[in-house]
Amino acid sequence: MARVPLAIQLGAIALAGAAVIVALPSFIGYDTILQITLNFAFAILALSLGFVWGYAGIFSFGQAAFFGLGGYAYAAAAINFGDSTPAILIGVLLPALFALVLGYFVFYARLSSIYVAVITLVVTLILYKFMGQTAKPSYMIGNAMLGGYNGIPAIPPLNVPGRPDLFAGPEEMFVIAGLTALAVYIGLRVLLAARLGKIVVGMRENELRMELLGFDTRFYKLVAFVIAAAIAGLGGVMFANWNAFIDPHVFGLGFSAQPIIWVMIGGLGTLIGPILGAFILSTLSLELGTQKTIDINLILGLVFTVFVLLVPQGIIPTLRKFWTDRRPARDPDAGANASREASSHG
Amino acid sequence: MESINRRTLLRAASGTALVLAAPAILTRRAGAADAIEIGALHDSSGSHSIYGKEMDDAVKLAVEEINAAGGVLGRQLNLNAFDTGSNMQNYAQFAQRLVSSNKASVVFGGVSSASREVIRPIFARSKTLYFYDTFYEGGVCDKNAFVMAETPAQMIGPAIKQLIKEKNVKKIYTMWADYNYGYICSTWLEKLAAENGAELVAKEFFPLDVTDFSATITKIQDAKPDLVVSGLVGGNHIGFYRQWPAAGMLGKIPLHCTVFGPWEKNLLQPQEIEGLTTSYHYYQTIDSPENKAFLDKWAAKFGADHPEIGTLAVCSYNAVNIWKQAVEKVGDLDRDKLIAALETGISFDGPGGKMTVDAKTHHAVMSTVMAEVKNGEFVIIGQNTDVPPLDTSAVCDLIADPDQSIQYQP
Amino acid sequence: MAERGAPLLETRGVGMRFGGVKAVEDVDFRLEEGELRCLIGPNGAGKSTFFRCLTKQYQPTSGTVLLRGRDVTRAPTHAIARQGVGIKTQVPNVFDGLTVRENLRLAATARHRGRAIDEACDQAIERLSLKAIGGHRLDRLSHGQRQWVELAMVVTSRPALILLDEPTAGMTHAEVEHTAALIQELNRDSALIVVEHDMQFIRSIATGVTVFHQGRIFADGTAETIMRDPRVGEIYLGKRNLLS
Amino acid sequence: MAIAAIQILNTMASLALISLGLAVIFGMMRVMNFAHGELLMLGAYSVQFANAYGVNIWIAMFVVAPVVVGLIGILIERLVIRHLYGRMMDTLLATWGLSLFITGLVTMVFGNVTRGLSTPLGSFEIGGIRDSSYKFLIIGVTIALFVAIYAVLRHTRVGLIARATMDNPRQVGVMGINPGYVYTATFAVGAALTGLAGAIMAPLTGVLPTMGAAYIGKAFITVICGGDAIFAGTASAAVLFGLINQTTTILLTPEFGEVALLLGALLMLRILPSGLSSLFSRRAV
């Protein structure tokens, strides 16, 4: 079976994806535009966890915290500069820097994965508590008040670089968020095909072997962690833009659980899976929120538990397996190749 | 104490069936073509539902009454009420939906200050008239928004004056929820106390998830104040009202609470809160014919066994009626004309007394009462009329400078 | 800078204790360039612990480890590997989801870039006679084949020193013979340290043998002299007979 | 000063108490029970409702709540945990789902309102300062529970089986004991202890569906930072963190208390990556 070269494959996805994203706002209602824009921001967050957990094998509770830091950093910077362009950069760099320090602390101490999970959780909770108590007027970053539990309202929207008066409305925001999510997806595919991606996946599969081969796994874990934090931060920037508001609940346990649920349901070890998971569950949450008879947590919890028990691999890998099982096995390696692809190419 | 009975269980069971039918309910479009579309955004579920539920009910009651009496300008009102579920994300989404899909001409809602700040800019941008009806920290100054509820000056001002005088207070110990509301109220209280010859010996702030107050209860006893003022908020802070009597402090030092309505009172045993004082525009125990009539209507709609209601319900109810008067005065739904009409000082005699729109601040001048808990009831021990929102009027003048849409911080 | 004339590997007074237990004590060990040395000893003699002190899977609690005269006592595992030491652990550490060639490519990535990766892979496949199974996934290979793939992975970095921990464990007789041949092939370019149990195997490959007993070096010599040493027979062969 | 000491002891005891059930389940089964907070919540609801229906508060607290939550624990183990042994990450995820589910279910059935019962036992006075006597109950019950667990583990056949399971779960089968029963029993005991803890905390705070979230983080950190010697570790971590938390609260304000606790945990994990108990013990109790 001839395989399409990765470059052509990704090029096609990029073109088709971009075309759909640009065209879509003309065909769908205003509500739907807003909902999908939010989904795009969440998809970026999901991708960051899908990468760091699914490929680098680092279970991070803290992706939502990086997402939140990105959003807060963007908010504070945009309010102060009045121009969103440097604010985006800060929204990506601050979480990355934070992850660099935290990751150094964690990975260079060679803490086991369960401790990594707990420490990222603890840090998330610290951020939650800290941000929650910034209501004092003294917690000002320039002109931006952190606002404690009430959060930061009226965050300026994205604007044309250098022209704060030309800012993105909901439809433009839809396109920007969509293209950003697409770019993150393609970027991660490229990264996984490159040397770094191979090393990171090798590390997930067999950390000792990678060390014995001479790879400094501490370093590569740190790199993967920082990249994922930067991506999550970018998602946070999109989120802060989406409702022009951010508050400490992004650091809460409930919010931190969300990306984990998305990745788990969509499929660990894939990139499409987390995106799908984010779209399905975030849409489900909103629609369930409009009815009152059944508590939304009850449904989400049930779905999630059932998935862990019955579809532990998630939707995408299960579908892929189903698909390859149905194809006649001409070449004995075909099935193996396809399922491996599920685990390492996304 | 609410008990689980067969009905509650039945409700849960029928919920399962309903969710299967949900798509049909969600896609239903109600209302006649010529109806006036209005919107409501309240947290009927989630952590803020103890406040949001009665607000939502009050708006529904007011709209039903108006419709039963023939509507406004001969048109029925079609209420698009969304449950925001105590989630800020839902506020942004539903507000956009009200503006774009439902084309609401006015929206009542927002429970927490955070939710208000999420939706206020959306309505300002889309020029959709907006009413906020929750007591809050004050300072909102927005041509498009009207606040028909208490600010700190109205909640604390007359009450603290009365307490200082009656109990000869010199030293006040204060505790606040660690957020915007707490900080602004504490500043305001400090000023008021000074004007009346008392001083604040402590201002302590508690994150909203603190449940253990024993250290503070010890500190209070060390400080030996003449009055303790609590601005604690929310389910976790209820712990204080339980630990205070448990430490044997009840009645030892007078306790005044700035956020303590029926919502909090119902969570506690009467003997835990005996003698505690509090102050709002409205309590259910106000003895007046208007209130009696209102409570009858409320009981007719929501059942005689409805939970005790508070100022939030009445402020929401008043707001709808004040808007109705403005529409009737103007004769159409044009936003700018409605704002002008509201600024003429429209006033409404609600169940809690008179409430008048203050043109300069878009807030309300209102009557307030102080209550003391006796045997689990709010017994009215003080009444004031036409209390102005002094905190906000000190900084905000929308007549002199109409192009404003901000919240002033003290 | 490496010392001129320094041995390839040298340890001075290396010790490793776990709590109160001294697993390895005061080991002075030397290995010259190109040498092939077997470490033997009964179970619990400390040879595997010593091996892990060399690879830094354990951090020695005392003593120094020198690679070509350079002190690497505090260097982590990957840094040891980077200095030209290839390591094969007891349990095969390979990537089961990948094919043989992909395993080798991943290994070669550590030291090479671009076309050199493929060249290193080709060479390793050639030297370890893996051509026939190059496209097979590792989880479909026999135990012996997996061991050889791991050897090939080690070879891709063209190490000056190769450390092998029980390379014939669990192998059939034919596989052991093939492995012996491979080790001699590898010894043409690299020095080797092999931890082993199988005396037959050791006799077929070894030029030098170091015997561990109770955490210390007990004896040193050629395979023949060691096997004739009655003291060794007492501590080692006796135990081995008990085991087999 | 005496009051401060009692308050610090109380914080330590509370921390140990809310972590104990989690320690049992994590230590013996290597199951990360993220529904721990919800089991606490169910314990609080049990005592609240039993008391509201006229059951004596002490019976409600020490009998009804542990039994109810223990039974729920059996149900959870049979339906969910049973299928996930050996997959620690999956148990964490599945119990996370459960925690959402239980929160949702309780919200639907009982509503999102804070309930509560008054704190029993009245107050005491030292040096003119009054405080609640209930603190002595918390301290006493916690000490009693830890002593009891230690005694059971050291001196009974059940304890021997439990320690063997911790050591090597597969070998328990060899001893002629069905490991399935051991797991169900362990989870039930862990759940019951958690229910009891929730019941004891209930009179101090409000009882509401989301109350578990306030405890889960602290309990996890306490157990994990305790390290391998699960009970001694949990106890010592509770002592350390309780000291940090309450001292900071007394000297500054509560806003710093919990942040100090969390920072302390971070630092501790950096200095002692295998947990607090690695300082004094290599045994698994």
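Observations, loosely collected:
Per-chain residue numbering starts at 1, and chain names A, B, C and D are given in the order in which the chains are listed.
The rule we apply is simple: a residue touches a chain if its C-beta (ideal position, glycine included) is under 8 Å from a C-beta of that chain, and two chains touch if they have at least 3 such contacts.
As the structure is a computational prediction, the values presented were derived from the model and not from experiment.
Looking at A-B and A-C, the interface holding more C-beta pairs in contact is that of A-B. Taking the mean of each chain's C-alpha atoms as its centre, the chain lying closest to the overall protein C-alpha centroid is A.
On a Cα centroid basis, the chain most remote from subunit D in this structure is C. Look at where the CA atoms of subunit A average out and do the same for subunit B: the two points lie 38 Å apart.
Subunit A and subunit C have Cα centroids lying 43 Å from one another.
If each chain is reduced to the centroid of its CA atoms, subunit A and subunit D end up 33 Å from each other. Separating the centre of subunit C from that of subunit D, both taken as means of CA atoms, is a distance of 48 Å. Under the contact definition stated at the top, the residues of subunit A that touch 2 or more other chains are 129, 133, 294-296, 299. Among the residues of subunit B, those touching two or more other chains are numbered 15, 45, 178, 205, 207, 209.
Contacting chain pairs in the structure are A-B, A-C, A-D, B-D. The touching residues of subunit D, when paired with subunit B in their complex, are 3-4, 7, 10-11, 14, 49, 52-53, 107-119, 121-123, 125, 128-132, 134-135, 203-206, 208, 210-211, 214, 246, 249-250, 253-255, 258. The touching residues of subunit B, when paired with subunit A in their complex, are 14-16, 18-19, 22, 25-26, 44-45, 82-83, 85, 87-93, 96-97, 100-101, 112-114, 117-118, 120-121, 178-180, 182-183, 205, 207-209, 409. Remark: subunit A residues 29-31, 34-35, 38, 129, 132-133, 135-137, 145, 147-151, 153-154, 170, 242-245, 247, 249, 286-287, 289-296, 299 touch subunit B in the complex. Across the complex, subunit D is touched by residues 1-4, 8-9, 12, 15, 45-47, 49-50, 178, 204-207, 209-212, 214-218, 221-222, 235-236, 238-239, 242-243, 245-249, 252, 266-269, 271-272 of subunit B. Every residue of subunit D that touches subunit A in the complex is listed here, in rising order: 32, 80, 83-84, 88-90, 92-94, 96-105, 107-108, 213, 216-217, 220-221, 224, 255, 258-259, 262-263, 265-266, 269-270, 273.
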